[in-house]
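Since the structure comes first, as structure tokens, the remarks are kept for the end.
We just call them A, B, C and D in the order they show up, numbering each chain from 1.
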Amino acid sequence: MQTVTLVPKEQFKISIEAELITPDNFAGKSNTEIGVLIAYEGNTPRPLSELFDIKVDGSAEGADDVKIEIKGSVPRVKRIGEGMTGGRILIDGDVDMRCGAKMKGGIITINGNADSWVGQEMTGGEINVQGDAAYYVGAGYRGESCGMRGGKITVFGNANDFVGEHMCGGEIIIKGNAGILPGVSNKGGKIVIYGNTDMPGSEMTKGTIIVKGKVADLMPVYQREGIESIDGEEFIKYVGDVIVGGKGELFVR
Amino acid sequence: MKLNATFISGRTVDQGCNLENKTSQAYFNAAGYCEMNSTDAGKIGVEPGNNVKVTTDFGTVVVPLKICEGNPDGLIFVPMGPWANAVVDPDTKGCGMPGFKGIQAEVEATGETAPTMPELMDRLK
Amino acid sequence: MSELLIKNATVYDPINGINGDKMDIAVKDGKIVDSIGGGAQTIDAEGRLVYPGGVDAHTHIAGSKVNIGRIMRPEDSRSGIKPRTKITRPYTGYTVPNVYAMGYRYAEMGYTTAFEAAVPILKARHTHEELEEIPIIDKGGLTLFGSNWMVMDAIREGDQERLAAYVAWGLLASRGWGIKIVNPGGGEAWGFGKNVSGLDDPVPNFEVTPRQIIRNLAEVNEKMNLPHSIHLHCNNLGVPGNYKTTLDSFDICKDIKSKRDRQSLHVTHVMFNSLGGNHWGDFESKTDVISDYLNKNDFLTVDMGQMIFGNATTMTADGPVQYRNSTTFKARWGNGDVELEDTSGVTPLYYSPQVYFYGVMWAMGLELALLTKDPWKVLLTTDHPNGGPYVNYPEAMTLLMSKKKREEEIAKITEKAYDRWHISGIERELDWYDIAIKTRAAHAKVLGLVEQGKGHLGIGADADIAIYDIKPDETDATVEYDRVKAAFRKAAYTIKGGQIVVKDGEITATPMGRTYWVRTKVDNDGYNRMMDDLKFKFKNYYSVNMANYMVQDEYVQHPVVVETEYAEV
Amino acid sequence: MIIKDVLCPFCGCLCDDLAVEVENNKVIDVQHACKIGSSKIMGHDRIKAPMMRDDKKGEFREVSYDEAINEAAKILANSKRPLLYGWASGVCEMMKKGVLLTEEVGGIIDNTASVCHGPSALGVHEKGMPTGTLGQFANRADVAIFWGCNPVQAHPRHMSRYSVFAKGFFTTKGRKGRKVIVVDVRKTDTADLADEYIQVNPGMDYIVMSAIRAIIANHADVVPDNVGGIPKEKLVELAETLKSAKFGIIYFGMGLTQSRGKYKNIDNAVSLITELNAHTKYSIIPMRGHYNVTGFGNVCAWETGFVNAVDMSRGYPYYNPGETCSNDLLMREEIDAAFIIAGDAGAHFPAQSIARMGKVPVVQIDPFHNPTTEMANIVIPTKVSGVELEGTAYRMDGVSLRMRKLVDVDFPSDEEVLDKIIAKVREIKGASS
């Protein structure tokens, strides 16, 4: 087991692009080897040791045995955990955009809030956001046909608009409210929203959306199919989006 | 008395004519006003030329009133420009575009004067 | 000026009949010369393969269609990224590269000339803006005339002089090289959401048939003595059974003779127009019939339009086809109608080998090239980026050179395709000389660029030269295709106009290339009749003024203008 | 002297039929233009010379071009996250240089579209854009829908030249043969000219479009009695009208791009258009604002592969509105220098964004004093493109035309200033590396 502890040396103003912070990149590396890895502060390359106090305990053969602990809030550090295949990242505070993008495995836990595109295009693994998430939880990149394809994202607070846009698989749980158009254009996967939302499931062709709170406006593209019980709770089941011949299932109370 | 309204901003011919003349009184006249219908104006007891104070979650601005009967009840319009910008929503909604339209606002009569363009900008330095 | 000597080259120069000769090539002031003095910069080719710089007679590299593809597909632009260096600007994109990658990647493959195959006159300024930004390679554009109101009105009224005058004016206005005809008449029909169904289906409201459009433009092309023949994208593209339309389209030009040493008809990406069957259920390859026609007739040439599995961005002036593609495959749809002139469409597609009709179409391009005996008649293209991006030419080259490679690919294709094609039984494997024909010599000949010094290495030719890290004597392409493909993908040297622009597959210099266009003198009454009609149309129908329409000289900074003259034959 | 066939350097209509009378190198009359175009060409008070100040609250002092350019280059070369914004009221030739400068300084280049039709591009990423040139619509369209746009105010000659009153080959009756429908949240002057005005509640455009799509897809059964303030029967009637066209066209504006849902409104509108093409011919086109804002999108796309909001900080382009647009960055207080050219951020950004500009060095390149000037440290005046400089501009439909020069002035062009800044930046960066 290898534990890498990163303590930010300052509250960064300009966001740091740090796609290098992954268990895969850190596995088996010493403090010095990790310290010389390059992140970008805007246009300026910065060795990680300039940005963080780095401590490495133990060693690991592969990503699965690596735990990265970021001690402190990093609301201006982007792309943490990008493409990781295993291991754990624990962020003790907020995190910037695209955390866990293209993630394949492992677990990221964010004790604070996550900025937009958390879990963008992820295919596996798990992300837990203890606070709120901004826009595009588990969504895709502009123009891609699929956002999230697998894995699980749980947001314990609220999420903003476009949760799971273009989602093709996996699961997103929002314990609080979600903004407009969750699950827009999705082709698979499951979204559960415990709180309120607006216009869920537009252009959904496949997949499931369950809304336990209120829906401000239901899209006028869903065929009502009757009442169905999920885990002991009764929901109205809708199927659509009928315009696109969708077979998506939308459960609303 | 306050009017709860939906705020939108947008282009006008006169605002366009003065795009390269923004230090002028003409630009103030073209972009520094708030439009609503006469019913709404009556609700808060203002007449054309009176100043109104527009307040949103994002700021406050004082501008003179104009009447436009094309506006439905509860819809106010301020031409795009520094006066509108004082109250628009800066959140870009994940797509780069701030909220220039569809913002909840309160409008009330006021005795305060409307700021000039340089005065508005000075607040931001 | 600069001198360069390439020693110990194994040269394939089909236009001059050189087939693997060991020789030196001397370069002076950008041209191939007989000999040069000592002290010149010398490259020792050490017996490696030397071709004339590659020429691409049909590709979509510039203009509004390409740019709509880029704007529509940020996900494409984020692939193929290469950061800027001291020499190069950043590369982006795969199917729709940015202008820099567009030029660099051609040069890296040893290509030095590429012609944009569809230029609407009204948007030609945009095309040239992009062409001007594409580094290194020489360029030209083919101008769309197939659904143009001026063209159709002149044809309906039987006024061929007026037609010629307009074509000349349109080539001047667009700074174009030749006549492109796409789905003749269909572009106008698409103005109201319709199409033409065949060669004798009159264009709505204009009462001319696609047959008349093709025939008249082909005749006018020869009277104008243009360097290139008409360049035809047939009606009914992508429709099962369309091979019959294609054969009929061939026949229209059978008796037309050119004064020049070239075809009188070039039919492009003919793979997409060689479809048999009546519907997608019984769809099959009819390349055997098309190739048989090509084997029996010498008046025409075609290009493959080879399909490459994976991502493509389809873009064509064939608007109705793109609407059909986008709705069938639920893909994004860009449409671009051009008032009075034509239309266009852009749709991203993904060609999977597990989809049988894509599997068959992949085979069909190869079949055309392999079943047609004369290598000069079928050019290697992918109709970039319709069949796939041009960076896959080395893939297509090696598929033609190796049956083993073909078998390897066939194994990846769904078996549902197997009884619909002819590829399995084809033994033919092309050699180094054939490939030189199919990737440069024949392209230059078909375009009419040989006399401009393109596609060959004779004395006086442009010193556009590709040296590949292949020793033909020691290389068996039928088995070593992976190595050959890698070598074709990244030239050891590319020399453009005598300057080394690529070394070991990397860009070393980025000079600006030239743009070729044709000015034809049409000195008869037809010109006056044409101008009256043109002024009327500008006054009443165009949304721009005539004075602002024509591409200005500022947009063609390095022109090569070829002059011709109209004459009755 | 009367100069004919002059292009108008104001809105995306890019009218090319103006006649401008010039005497003694001064414009004295403009014919055929609208009030705005005429006002623009007749001209306004100029910034006379380059100016600088350290304290944004202090007075400017006049400086030489060399001094201003050198200082501007220093600011850019020493920044970690410079924003280069504007790029609308200029010709394409300067935009190409803008992309190069952004590469050189590792900055972000963003065009005024990000507060205008940027969401339209995001809609194109989702669904494409079935469109055409304006003459196509003039010649063919018998149904014209204006959704969230108000050309009477924003594009004054659009209706006469292209969309409403224009006559063409198949539209010989002009206005009489054309059904004009306006959909908006308030009864605009354009709505007054329409055959039909449909009022939608603010922020409900998306859902209304979906309802129309459902009706067209023969699923009227799932549409409730009222959607977004519009009775269902009205929507059914509208769907029939849309389908009955020989050639229909939707013109849309910031009523869609700036309202709730933003780019999703465009996404939905494009789907509506695509589905209508199963019945008859339909097109859609954004009503672009600046005369050459469309040009920037084109230049940026062919140079970088992306249409706008391109971050070059890593030496290659990265694009992601929501992350790389001016207001995304300004609101996050990431920007450490701003370079504003041919666009007025000060007048058209939310106050909080501008407040960020108040805290960092701001360089402005512009002929005119405007709110950005109030926030600037360095101001470099240049030629007015299309009046004092020729060059390329793209009409809202992507037709590019060459702007004419009408008068000579001593100011440098944007391109010349950019060239000098690029050279200086290279010198500074070369010396430090």
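Annotations for the structure displayed:
By our rule, a residue touches a chain if its C-beta (ideal position, glycine included) is under 8 Å from a C-beta of that chain, and two chains touch if they have at least 3 such contacts.
Source: prediction; values computed, not measured.
More contacting C-beta pairs link the chains of C-D than the other of the two pairs A-D and C-D. One inter-chain figure worth recording: chain A and chain D are separated by 34 Å, centre to centre, where each centre is the mean of the chain's CA atoms.
If each chain is reduced to the centroid of its CA atoms, chain C and chain D end up 35 Å from each other. Between the Cα centres of chain A and chain C there is a gap of 45 Å.
Chain B and chain D have Cα centroids separated by 22 Å. Within chain B, the positions touching two or more other chains are listed as 93-94.
Residues of chain C in contact with two or more other chains: 72-76, 78.
Of all residues in chain D, those touching 2 or more other chains are 122, 125-126, 260, 312, 314, 319, 321-322, listed in ascending order.
Taken as a graph of touching chains, this assembly has some other topology, since it is neither a line, a ring, a star nor fully connected.
Within the complex formed with chain D, the chain C residues making contact are 62, 64, 66-68, 70-78, 81-84, 89-93, 96-100, 122-123, 125-126, 129-130, 133, 149, 190-193, 205, 323, 326-327, 331-340, 343, 346-347, 540-545, 547-548, 552, 554. Considering their complex, residues 6, 8, 10-13, 16-23, 58-59, 68-72, 75, 77, 80-82, 85-86, 88-102, 117-118, 120-125 of chain B touch chain D.
Of all the residues in chain D, the ones that touch chain C in their complex are 4-5, 7, 16-17, 92, 96, 100, 103, 121, 124-136, 138-140, 161-162, 167-170, 246-247, 270, 274, 277-278, 280-283, 297-298, 301-307, 312, 314-319, 392, 394, 398-402. Those residues of chain D that touch chain A in the shared complex are 79-81, 105-107, 122, 125-126, 204, 206-207, 210-211, 213-214, 217, 219, 221-224, 227, 260-261, 264, 268, 271, 275, 312-314, 319-323, 332-334, 336. Residue ranges of chain A in contact with chain D, taken from their complex: 13-15, 17, 40-44, 76, 97, 116-117, 135-136, 141-143, 180-181, 184-185, 199, 202-203, 217, 219-224, 240, 242-243.
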